[in-house]
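Below is the structure I would like to discuss, written out as C-alpha cells.
Chains here go by letter, A, B, C, D and E, matching the order in which they are written, and residues are numbered from 1 within each.
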Amino acid sequence: MTLNRPFQANTPAQQSVINSAAYHNGVRVANVPLADLGDAWRHSDRFLWVGLYEPCEQILSHIQQAFGLHDLAIEDARNAHQRPKLEVYDDSLFIVIRTAALGDGGEHRIEFGETHVFLGKRYVITVRHGSLNSHVGLRSRCESTPNLLAKGEGFVLHALMDFIVDQYFPVMDALEAELDELEGQIFSGKFIRSVTERIYHLRRDLLGIKQAVTPLIDVSSRLTRSSSNLIPVDSRPYFQDVHDHVVLIADLIDSLQQLSHTALESNLALISVSQNDDTKRLAAWAAIIAVPTMIAGLYGMNFKYMPETEWVFGYPVTIVVMLATCVALYRWFRKSGWL
Amino acid sequence: MTLNRPFQANTPAQQSVINSAAYHNGVRVANVPLADLGDAWRHSDRFLWVGLYEPCEQILSHIQQAFGLHDLAIEDARNAHQRPKLEVYDDSLFIVIRTAALGDGGEHRIEFGETHVFLGKRYVITVRHGSLNSHVGLRSRCESTPNLLAKGEGFVLHALMDFIVDQYFPVMDALEAELDELEGQIFSGKFIRSVTERIYHLRRDLLGIKQAVTPLIDVSSRLTRSSSNLIPVDSRPYFQDVHDHVVLIADLIDSLQQLSHTALESNLALISVSQNDDTKRLAAWAAIIAVPTMIAGLYGMNFKYMPETEWVFGYPVTIVVMLATCVALYRWFRKSGWL
Amino acid sequence: MTLNRPFQANTPAQQSVINSAAYHNGVRVANVPLADLGDAWRHSDRFLWVGLYEPCEQILSHIQQAFGLHDLAIEDARNAHQRPKLEVYDDSLFIVIRTAALGDGGEHRIEFGETHVFLGKRYVITVRHGSLNSHVGLRSRCESTPNLLAKGEGFVLHALMDFIVDQYFPVMDALEAELDELEGQIFSGKFIRSVTERIYHLRRDLLGIKQAVTPLIDVSSRLTRSSSNLIPVDSRPYFQDVHDHVVLIADLIDSLQQLSHTALESNLALISVSQNDDTKRLAAWAAIIAVPTMIAGLYGMNFKYMPETEWVFGYPVTIVVMLATCVALYRWFRKSGWL
Amino acid sequence: MTLNRPFQANTPAQQSVINSAAYHNGVRVANVPLADLGDAWRHSDRFLWVGLYEPCEQILSHIQQAFGLHDLAIEDARNAHQRPKLEVYDDSLFIVIRTAALGDGGEHRIEFGETHVFLGKRYVITVRHGSLNSHVGLRSRCESTPNLLAKGEGFVLHALMDFIVDQYFPVMDALEAELDELEGQIFSGKFIRSVTERIYHLRRDLLGIKQAVTPLIDVSSRLTRSSSNLIPVDSRPYFQDVHDHVVLIADLIDSLQQLSHTALESNLALISVSQNDDTKRLAAWAAIIAVPTMIAGLYGMNFKYMPETEWVFGYPVTIVVMLATCVALYRWFRKSGWL
Amino acid sequence: MTLNRPFQANTPAQQSVINSAAYHNGVRVANVPLADLGDAWRHSDRFLWVGLYEPCEQILSHIQQAFGLHDLAIEDARNAHQRPKLEVYDDSLFIVIRTAALGDGGEHRIEFGETHVFLGKRYVITVRHGSLNSHVGLRSRCESTPNLLAKGEGFVLHALMDFIVDQYFPVMDALEAELDELEGQIFSGKFIRSVTERIYHLRRDLLGIKQAVTPLIDVSSRLTRSSSNLIPVDSRPYFQDVHDHVVLIADLIDSLQQLSHTALESNLALISVSQNDDTKRLAAWAAIIAVPTMIAGLYGMNFKYMPETEWVFGYPVTIVVMLATCVALYRWFRKSGWL
C-alpha cells in the first residue's frame, strides 16, 4: 500500500529543469538559464516561469537564493510527501497540490504526483514530483492564451490549479466505470473472488484521491477570500470556480465510497442467498438419491421369509417404485423452490 | 452508473429557445426575438423572461452580450454537470439547481435535469438541461398569478425554486413506496435475489437526490439572508419556506438511507435464519432416512448364524421397527423445532 | 411506511372548532364565537385562546383576517406535513411541533400528530392535526393554574410545549421496554424470525421520533434566546427547561439507535454461532450413524472366504463392536463440544 | 434496560439529611438544624454546607425558602432523572452531575447516581439520588484540607466535581478489563454464546457512561470561562483540570466503543472461519467413511459371476484396499488443510 | 489492553535526572546540579535545559520551587496518564505530548511514552515517562545546531515537537506495511484465523495513536496562533510545519482505519465465498460417491428373479456404468464450477 508514499521516485536520468522562461505581455520572450534567474527577476519587469522536476539540493538552493524563498518551503519542496496546503509568507505563497492521472496500462491504475508552486511578484516556480502524466500540456495551454497569462501570477496559479483539478474528472469517471462493472458482476449472480478484491482496491483508490482532494477545498476557499496582493480581486470568481469543482469531486468521492460499501454488503448478502440456494439444492439431491438407496438396502436384507423377493416381478416393480419416488421428490422440490 | 453524468443529452432536434417574452405588470405583453433582447432590456422597463433548452454556443454568446453576463457563469451554463450553487456577481445572480422527476415508465426510474438561472434587474434567463419533465407547467403557473409575477425578479426566482423543490416530493414518495414494498418482501420470508439489488438501486437513487438537494440547503439559506437588492426583504419568508422544504427533503433522505441500510442488514440476518432452518431440516430428514438404511444394512450382513433372519416374522417386524423409529424421530424433530 | 405522512387525516365528521374562549386574569370569562374573534381581540384587553382541529379553508381565512396573520403561516397550517419550526414574524410567532402518543392498542404503535401555534399579543391559536391523544387535557391543566395563565402568551406557549414534550417520555419508555424484550429474546438463544422484524420497526419508530424531536432542539434554544417581546425575559428559564427535556429525549433516541443496531449485529452473530453448533451436531450424528452402516456393509460383501461370517458369535460380536464404536464416538463428540 | 431510569429509588427508611454544618475558615464549627439554616445564612458570615439524600417535598420547600432558590431548580432536584447541566441564575448556580461507581458484586455492574448542587454566596447544597457508593468520603476529604475549603464556594464545587469525575476512572478500568477478557475469549477460538452477550452489555454500559460524561464536557468548559463571581478567576485552572479529565474519559469511551465494535465484527468473522473449518472437517470425514462403504457395496452385489468373490484372498485384499484408501484420503485432507 | 495505561512504569533503578545544563548562545557551557537550578536561573542570563525521567516527588517539588511552577502542572507531571494538551499560565507554558516508537522486537509492537514540557523565560524542563526509545538523540540533535538553540525557548519547543512528531512516521509506515501484508493474506484465499486477530490489533494500535495525535492538532494550531511572548512571531511557520505533519498523520490514521475496516469486511465476504465453494465441492463429491453406492445397493437386493445378476458380463458392465456416471458427474460439476 502506498498511502504514505503515493508514488515512486523516477530515475535520476530524467531532466531536472523542464523549462525556465521569461514572459512579456503574456508572450514568451526568452529562455533564462538557471544561473541568471536572480538578476533577470530583480532587474527587469518580465514575468518568470520556472518548471522543475524532482530537483536536486543544489538547484533548490540556487532558486531559494535567487527569489529569497523561505527555508521551510524549500525543505517541503525537497520532500515530496506533503499534504496539499497553502502557506502564506510575507511576499510569496507556497502551494502544494496532489495530481492524479490514469496510468497508461488498461487496469485503471492511478498515478499520483505532487506539484509544489512558489508564487511571488513576477515569478512562478513549479516543482513536480512523481507521475508527469498529469502535467503534460499545461504550459502550452497557458501560452495559447497570452491575454490571460499577461494578467499576472494569480491567473497563472488559477490556470495551474484548474488544469490539475480538471484531470481528476477522467480518474473519477474511470472509478465510476469500475463500480458499474462490479455492480454488473455482483448482481449477475456469479460470486467470483475477484469482485471483493476489486471493491477493496476501488475503496483504497477513493481514499487516496480523498486525501489529495479534501485539503484542496480549504486551499481553494482561502484563495477565494485571500487578501494577498498576489491574488487580484477580479480573479476570485476563478478560484471560486476551482473550489466548486473540488467540492463536486469530493461529493463524487463520498457517493462512490457509500455506494461501494453498499456494494460490498450486497455482495455478502447475495453470497449468503446463493449459499442458501446451494444448500437446498444439495439437500434435495441427497434426498433423491437416499430414498432408492434405502429401499435397495431393504431388499438386500437376508431374511429367509421375504415374500417380495420370491415374486417374479418383485425386481422390476421395486425399480419402478424407486423411479417413481425419485420423480415425485424431484417435482416436490422443484415446486417448493429447492431445485 | 451516472452519478457524474446525471442525465443523457437530448437529441439536437429539440428546440433550443423555448420561450422569450416581455412582461408588463405581470402580464405577458410580447414575444421578443432573441436578436432584440439586448435592446428590449436596455430601452424599456419591461421584465424579460427567456427560457432556453440546452442552447448552442452562439445562443449563449448572444445572451451574454445582450445582458452583460460573466464569462464563468456562461461557461457553467454551457456545461450541464454542475453542483447546485448560488454565485453572486455585481449586478446579477447565477443559480444552478438540479431537478428530479419520475420517469414515464412504471419502474420509478428518476430522471435528473439541471436548471441554470441568470437573474438580474428586469430579466430572468433559465437554461435547462436534461429531462424536461420537471419543467413543464412552470411558466403557465407563474402567468396565472400576475400579481406575484409583477413583484419582480426575486419572486420569479422563488416561484421557480418552489416549483422545482415541490417536484422532489412525489419522487420521495415513490422511493418510500419502494422501500415499503421491499420491507414487505424481506419480512415475508422469501429471499429473492432481486431484493438486494433493489435496495442497492434505492440507495443509489437516494445518493443521487442527496447530491442534488444538500447544496440547496445552503443556497436557500443564503437567499434568505441575502443583501442583494435583487432579493427584496419581503421575499425572505418565501425563500425561508423553500429552505424548510429542502431541509424536510434532506431529513427524509437521511431517514430512508438509514432505514434502507437497516433493511439490508435485516435481510442478511433473515437469510441466515432461513439457512439455519434449512440446515436443521436437512439434518432431520437425513437422520430419518439414515436410521432405517443402517438397520437394513445390519440384516444385509452375511453371517451364517443370525437368528433373526431365520424367524418367520423377522422381516415384517424389522419393517415395523424401521417405521416406528422414523415416526419417533419425526416427532422428536418436530417437537424440537427442527422440522 | 409513513415517514412523509406521519398520520392519517381524520374523518370530516369531527368538529373543527374545539374551543374558543376569552380569559381575564387567567380565568375563562366567556366563549367567543368565531365570527366575533376579530372584534373581541381588537376592542378588549382579554386574552383569547382558540383551539382548532384540522380546520377547513374558510375557518382559516376567517382566523387570518381576524388576527392579520401571514399568508405563508396560514398556508403551512392548512398543510399538515411540516417540519417542526419556529417562524418569527413582525408581531407574531408561528410554531410547528410534532406530537407523539402511544396508540390505544397493545402493540406500542405510535400515533403522530402535529400542532401549529400562532402566538401574538393577547391571543394563542392552536391548529391540531392527526392523533388527538396527545392533546387531551392541556387546556384544563392550564386553566387549573390561573396565575400562570395570567402571565400571558409566553407562558401559555411554554405550557403547551412542556405538555407536548412530556408526552414523549412514555413513548420512549415503551420503546425501551420493547428493546428490553427483544434483548431477552436474542440472548435466550431462540432465533425467531420476528426479532429481526421488530428491531427493524423499532428503528423505524426511532427515526420517526428523531425527525420530530431534533428540530425542537433548535426551536427551544431560539425561544430561550428570543428577543421577541412575546417571550418575556423571566420565561427564559422555562424554555430552557423544555430545551433540556428535548435534548434528553434526543440523547435517549441516540442511545436506543446505537443499542438496537448492536442488537441487530448480536442477533446475526448468535445466529451464526447457532448455525455452527447445529452443523457440528449434524456432523456428529452423521458420523455415529455412518460407522455401523459401513461395518454392516463390510459383512454384507459376498466373498466366499470371509472367516468371521462362519463364526458362531460373529453376528453378536459385530453388533457389540458397532454399539461400542457408537458409544465411543458419542462420548468423544460430547467431550469436544460437538454434541 | 434503564437508560432512562439510571437507578432505583432507595427505601424511604434511609435518612434524608445527611449533614448540615457551618464552616468558618474552612473548619467545621457547628451543625445547623434544618430549621435554622435561613437565619444562619443571613445573619452570619459562616459558610454552610448541607447534604441531602433523596429529600421529600417538605425539606426541599424549606431549603428553597431558606436560600431563595428558583422554582425550576427545586423541581429538577425533586426529579432525579436529569441530563448533566449547569444552570446559571442571578445569584446562584445549579449543577446536575451523574455519578458512576462499580457495584459491590463481582460482575462489574455499574451503579449510577445523580448529584444536584445548589451553589450560592456562602452556601453549597448537595442533593444526592441513587447509589451512595460514589459519594462516600467526599466531605471528609474536603475537611482534611481546610485551607482549600476556606477559599469558598468555587473551590468546594471543584472538589466535588473532581471527586465525582475521578470515580469514573476505576469504572473505565473495569470496562477495559472486561474487553481484554472478551478479546482473549474471542481469539482463543471458542465461540461461546456469552461473548456476544457480554459485548452487548459492555456497549450498553459505555452508552450509559457516555450519556453521563458527554454533557460534562460543556459544563466544565463553561465553568472554566464563567464570569460568575461565584467562580473566582484563580479557580479556573482547576476547572480546566476537571475538563481535561472529562475529555480523557470521553476519549476512552470512544476508543472502547470502536474497539468493542471491531471485537463484535471479529467475533463474527472468526465464527465464520470456524464454521468453514468444521464444514471442511465434516466433509473430509464423510469422504473417508463413504469410500469403503461404496467398495463394500460393490462386493455386496449378487452377481453370479464376480471373480473376486471366489478368490481366497478376496476379502483380506479388499479390506487392505479399503484401509489404504482411507489412509490416503486422510493424508491428502491433512495436507490440504481440511483436517 | 492498555488504552488507559499506555505504558508500564520502568524500574526505579533508572536514573531520574538525565541532564541538567546551562546554555549560552546555543552552546552548552555548564552542567548545573539540581540544587543550584533556582539560583542559576534567577541570577544569570543563561538558558537552562533540564531533562528528567519519571522523577520522584522530591525532585518535582524542588523544580517547582526553583522555577515557581503551578501546582496543577506539577501534579500532572507526576501522573503520567495525561491527554496531550497545552496549558497556558501567566509566565509559562505546560505541554503534554505522547510519544510513540517501534519496539525492538520484530512484531511491530508500539511503545508509547509521554513527554511533559515546562517552558518559561530562559528554561525548558522536560519530564519523560514510559519508553525512552522515542527520546534518544533529541538533545544532541539540538546541540548540533547552536544557532537555532540560541534563538530561545520557542525554538527548543519546536525542535522537541518536531522530533517527537517525526517519530510517528516510521510507526505509521510499520502499520501500513502490516496492512499490506494482511491484504496479501486476505486476497490469497487462505483464511487463517490470525488475519482477523491481526486486523483487530492493527485497529487497536491505530486507536492508540489516534488518541495521542488528534489532540496535537489543536495544540500545534494554538501554538501557531499563540500570543505568548514565549513563542516568537517568527517561529510560527515552524509550528505550522509541525501542525501540517500532525494533520498528515491524522489523515493517514483515518485512511488506515477505513481501509482496515474494509479489509475486515472483505475478509468476511471472502470467507463466505470460500465456504460456499467448499460446500459445493463437498456436495459434488458426495454425489459422485452416492450414485455408484446406490447402483451397488440395487444389485445387492436379494430378489430371486434379477436377470442382470445371471449375466456373465453383468458385473463388469455394472462397474463400467458406475465409472461412466462418476466421470460424467465429475465433468458436469467441473463445467458448472462446483469442482
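Following the convention adopted for this analysis, contacts are C-beta pairs under 8 Å (C-beta built on N, C-alpha and C of every residue); 3 or more make two chains touch, one makes a residue touch a chain.
Everything numeric in this text was worked out from a predicted model, so none of it was measured.
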{"item": "Third chains touching both chain E and chain A", "value": "none"}
{"item": "Degree value of the rotation bringing chain B onto chain D, based on Cα positions, nearest 5", "value": "145"}
{"item": "Centre-to-centre distance between chain E and chain C (centres being mean Cα positions), rounded to whole Å", "value": "42"}
{"item": "Approximate Å spacing (C-alpha centroids) for the pair chain D, chain E", "value": "26"}
{"item": "Where chain D touches two or more other chains at once, by residue number", "value": "265, 268, 272, 275, 279, 282, 286, 290, 293, 297, 300-302, 306"}
{"item": "Touch-based graph of the chains, sorted into line, ring, star, complete or other", "value": "ring"}
{"item": "Residue ranges of chain B touching chain C (in the complex, touch as defined)", "value": "169, 172-173, 176, 179-180, 183, 187, 189, 237-238, 240-241, 244, 247-248, 251-252, 255-256, 258-259, 262-263, 265-266, 268-270, 272-273, 275-276, 279-280, 282-283, 286-287, 290-291, 293-294, 297-298, 300-306"}
{"item": "Residues of chain C touching chain B in the complex", "value": "1, 3-4, 70, 72, 76, 81-83, 85, 87, 89, 191, 193, 196-197, 199-200, 203-204, 207-208, 211, 261, 264-265, 267-268, 271-272, 274-275, 278-279, 281-282, 285-286, 289-290, 292-293, 296-297, 299-302, 306, 308-315, 318-319"}
